[in-house]
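Next come the structures, one after another.
One chain, subunit A, appears in both complexes that follow, with subunit B as partner in the first and subunit C in the second.
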Partner chain A sequence: MNFFRILIVLLIIQFKAYALIEVDITRGNLSPLPIAVSPLSSDKKSVSEFEKILKIQNIGSEISIVVENNLKQSGLFNPLEKDSFLQKPDIAHLKPRFEDWRLIKAQALITGKVEIIDEKLRVEFRLWDVLAAKEMLALAFTTVPSNWRRVGHIITDKVYERLTGEKGYFDTRIIYVAEEGPKTKRIKKLAIMDQDGFNLKYLTLGNELVLTPRFNPTNQMVTYLSYFRNLPRVYLLDIETGIQEVVGDFPGMTFAPRFSPDGKKIIMSFASEGNSDIYTMDLENRIVERITNHPSIDTSPSYSPNGQYICFNSDRSGYQQIYVMRRDGSGVKRISFGNGLYGTPVWSPRGDLIAFTKLHKGKFYIGVMRTDGSGERLLTENFYQEAPSWSPNGRVLVFYRETKTDEKGEGFSAKLWSIDLTGYNERQVQTKTDASDPSWSSLLSN
Partner chain B sequence: MIATLSLPFLSRTPIDLPPIISVELIQITDKTIIPFAPKAKKIIEKVKKKKKERLVSEQAPPKKVKKEKPDAVPLPKKKIEKVKKIEKKKQNPEKIETEVKQVSEFEKKELFDPNNIAALIDKSKEELAETIKTTDKVTQSQDRNVELAGLSLSEEDALKAQIFGCWSIPLGIPSNKNLLVRIKLQLKPDGSVIKSEILDHARMNMPGQGFYKVLAESALRAIRLCQPLRVPTTGYERWKDLQLNFDAKEMMEG
Partner chain C sequence: MILSKIFKNTFLVLMASLILTACATTKKVSTTKQMQGDVYTGTDTIEYLASGVPDRVFFATNESILTTASRDTLRKQASWLRKNSDISVVLEGHADERGTREYNLALGERRANAAKDYLMTYGVAANRISVISYGKERPVDSGSNPLAWSKNRRSVTVKAN
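Take a look at the complex of A and B:
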């Protein structure tokens, strides 16, 4: 009987069970992440001490401004207006009232404290996930007070890495050629500055023409092109000691130098009797090795980050194109096949892309392509621009652009610009004078 | 081959309706001359008899023309046939029955618990009540399908659109990796989140998968930012457990 009852009930009831519903979210919001950078709190004693040493009234606020500007420049973050903050910096650093930060639409929050201990600057900071109401990162640094801007850059790098998943590029420097005077009588000096344009220093006096400075990825050495006995030659310069030397004793012109990823070799072009080939020189034993041997112009060599491959440009096909070969010069393969001329190839530190300058129909482009030549993307177009250099994380390119300064097209101005891989975040890098040939250093604090 | 060649041809005849409009005009003129001529004669006779009613009798024929239009034009007949066909599709009982049967048989095997009949009765009551609420818009059979199949397209679109706006994709993640984050949610009837669980949690701490943690956190932030989620107003049982598959690959390769 029971069985029949159950059967009847079964017939009456319509059973319903629900398979787990899955919804695919394949699109998102590429707008910058709203982030609140609270001024770093500081006690009265520390404030007055810093004022004496650094002549800065509120060091905590200044460091937070460095962080804020860095995050804004990256294009990935939207630092919120400080006027809208409801919580005081010192209390927020102890325990943020997350509902207050949610109210102003912040998704992440940076708080911190700065103090002076034994004449040293001590900074601690915390990164908070406002929506999850939890701490994501907490670190402290101690350094000499004059390093306060670097502390701001290091904080930005840590925050950037925690929120984006890739290393930052803020505690870095850019070396470039500072230019002054009319185009026919230009004074060119080697200059170095922080990536945000501060702490500018000139490394040469401007007596000799300097071109194409390149950082050693492992230390504070720089290689560049200058003139020695009226011949363009590759130089080495130690930024910390100021000592410079000519690289090798070549019977002709050497140019387009660049370090190997381990910093132990220099790869460059050597021109003689109308032909130009690629050579390397070991910086320890000074042994020179010829890499290409072709009756065409081979130049602008750049190593892959693992040091196994070299990209370069050559006109061996009749037009200037990009080629890739093994480090010993074997297996040369052309990778650029688009319309126009391709030059200044630079291998990304991530290894996945090669940046280049392209000239097509009278316009210059900065673009990227995969290492096999596929997926070419032109990021920016202009009247004249070239010489891209990668940020150490392979996300941003810095290059220089010349612009006409009046309606007649007379006069010109050369400035540094940066653009990220999306092609949207294009910004001018502030320099005191005109600037060209930038090269981005690796992270100073690894 | 015959089907592909002939069926589109057949189906095109009623679609090529615009030229018929010109034919229509011709038919109307032809017919208006013929059937109304005798009437006009009668009218003229009447007019002769009643000289005062001239204007009224002159206006009368056009009214009759309008009435005869549908008879002269083949278009409405075909339309009616079409409507009938659509109705047949809607009513199509066989298809719906098979779908329902398949699902219910499957459920019986997995989920039938004789000890839990009371609970099932209660649930069915609730669900019946919910379907009654929506009968104005959706038929019972349609509603049943939606409930058993998942979210309707419009419901899914609404939810997706909401989360698209909340999800800030971390742009630093590599585009050549597996960028799928699956999050299982337990929801309240108002769409707020009771519990969220990352299904591939083990990946969070795996070497070389640092980006996954960042990506998973961004997905969780999106859910928190969006809640209460834009869920349907009915059928809570259907979507109280929901899985969101966040995949940034398309955007990163973009």
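Take a look at the complex of A and C:
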């Protein structure tokens, strides 16, 4: 159980008063901050010990690459070529020669050290403001060696937080549906990976169709739709133990599940006699509550972060639109009024926005609007894309995109993509197979 | 703040360009003889439960209303089912790929139930019919064009035993 827990044992120094370099994440970043990520230094003994345990030649350098890739993917930073670094990692970590780093136009510098102590991995790192010639942050962690990639993610989170003033999203995972085979007979499995695509693990075997996995707030449980024994039902899966169970005994299809923000309930649709309504089930006492009661389709429910409101998708107006209601189902209010159809509303973890999929004139868009429906902004347009999921800091959305097939019906693909809330920094998220229905975890450590 | 203004302006430009490109796409009118409106009327993918009893009915985009042809097909199924009272069926409801996954699951369920209701009206007992929705998960035609989509918007009657 403690495998995923990283101990922050030592806080060396932390300057809070100086915020000399700042990265503004509220706008599209056209000039990412030049940052030098020096390879973390390591003594010979530690290097060979880690090589034995992890089969990695230079752990310090590998961790720095993790950090560097994260920073680059964020679109806010421009990690500089390591070839141009003049100062050796171990000396730079003690006292950088700031002139050297200024010379290569670095504005910020990350240095660090990795050691093996009692078979544990100990990392310390520092963030330097090159222009002001000052240390901005210094931290150390101790963990099991196999957690080395997470150390890189945590370093990135700390650097991101120090420079942007907001929590990062790097020490996180994404759960998604891995897809293989022809479009008419797709094989789908639940897959989980680190946010940067590493440490991929399949959670189901592909014997039955699975869809729409979503994390609970502690990231230990997943709720999803499975067609086990040809009965489409909402399931609950414990990631650590692998134990799966059906959520409730509904006499028909349950789907579109999500956890409540406190993790105590699952909210979902239940379809019966051609009508889908929204229900909740309390996971402790198994009490089922009906939230909507309308002859239209009500689906894709998502709670506000305070648990007081629910946004959902309904075609009660004749077409798919987005609605908001109180958690007990009262006060239903339509919020989407633009041209086109709206689906898959998801409440932002910051509470201020709702992300959605929009279909208009044969194109699909991922967009956001305020919770009262005002301020609609479309972030990206494509042939087909849907199902946005928020990064835990509410700055990035991950979604999936499908390609058009050719005349022969070939050339289909489904991939994960991410885009910043600003509409910039659109990137494909690398997955081993085709992928859909991504769901972003919260931060694994804080 | 100036930055936020710049940001807003870039967005306006971005929005404007999105709207412009959206307007630029002309609506494709399907001229194929295998469709009426956007409901599939061909026979390509149809299988037969018995001689002269087609197994599936087709729907318009976002609709679950049974067309005249669909009602005709379902009456044939009902009469065949009345004669073969030992047979139970599963109605499999489907949607095309041009809709969000969760909504399509609901839509598939609604379509299959439209067919179920009609069979019941024509004397097939409810306990002989079960319903399952596959949403957009099991297309019969993998094409990305209006004809393929029309074949995929369907409810298929399958023998359960």
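One rule holds for everything that comes next: the second predicted complex is superposed on the first by the 405 of 446 C-alpha atoms of A that agree within 3 Å, B and C clash if a C-alpha of one lies under 4 Å from a C-alpha of the other, contacts with A are read in each partner's own complex, and residues count from 1 in each chain.
Keep this in mind: a contact is a pair of C-beta atoms (placed from the backbone, for glycine too) under 8 Å apart; a residue touches a chain by one contact, two chains touch by 3 or more.
The shown structure was predicted, so the numbers you read here are calculated from the model rather than taken from an experiment.
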Next on the checklist: For A:24 in the superposed arrangement: first (subunit B), second (subunit C), both or neither?
Outcome noted: both
Next on the checklist: After the superposition on A, what does A:117 contact: first (subunit B), second (subunit C), both or neither?
Outcome noted: neither
Next on the checklist: Contacts for A:422 in the overlay, against subunit B (first) and subunit C (second): which applies, first, second, both or neither?
Outcome noted: both
Checklist outcome for this item: Between subunit B and subunit C, the one with more contact residues on subunit A is chain C
Checklist entry - Can A:205 be said to touch subunit B (first), subunit C (second), both, or neither? => result neither
Checklist entry - Can A:276 be said to touch subunit B (first), subunit C (second), both, or neither? => result second
Item to check | Which of subunit B and subunit C A:395 touches, first, second, both or neither | outcome: first
Checklist entry - Where on subunit A do the contacts with subunit B and the contacts with subunit C coincide? => result 24, 26-28, 422
Checklist entry - What residues on subunit A touch subunit C, complex-wise? => result 24, 26-28, 182-186, 209, 211-212, 225, 230, 232, 252-253, 255-256, 269, 271, 273-276, 297, 299-300, 313, 315, 319-320, 343-344, 357, 359-363, 365, 377-378, 381, 383-384, 386-387, 402, 404-405, 407, 409-410, 412, 422-423, 436-437
Checklist outcome for this item: Note: in the complex, subunit B contacts subunit A through residues 104, 107-108, 110-112, 114, 117, 120-121, 123-124, 127, 147-148, 150-151, 156, 159-160, 163-174, 176, 184, 210-211, 213-215, 217, 219-222, 224-225, 237-239, 241-251
Next on the checklist: Help me check something: in the complex, which residues belonging to subunit C touch subunit A?
Outcome noted: 3-4, 6-7, 10-11, 14-15, 18, 21-23, 25, 27-28, 62, 64, 97-103, 105-107, 109-110, 112-114, 116-117, 131-134, 137-144, 148
Next on the checklist: Under the stated contact criterion, what part of subunit A meets subunit B in this complex?
Outcome noted: 6, 9-10, 13-33, 76, 107, 129, 131-132, 136, 160, 162-166, 350, 352, 393, 395, 422
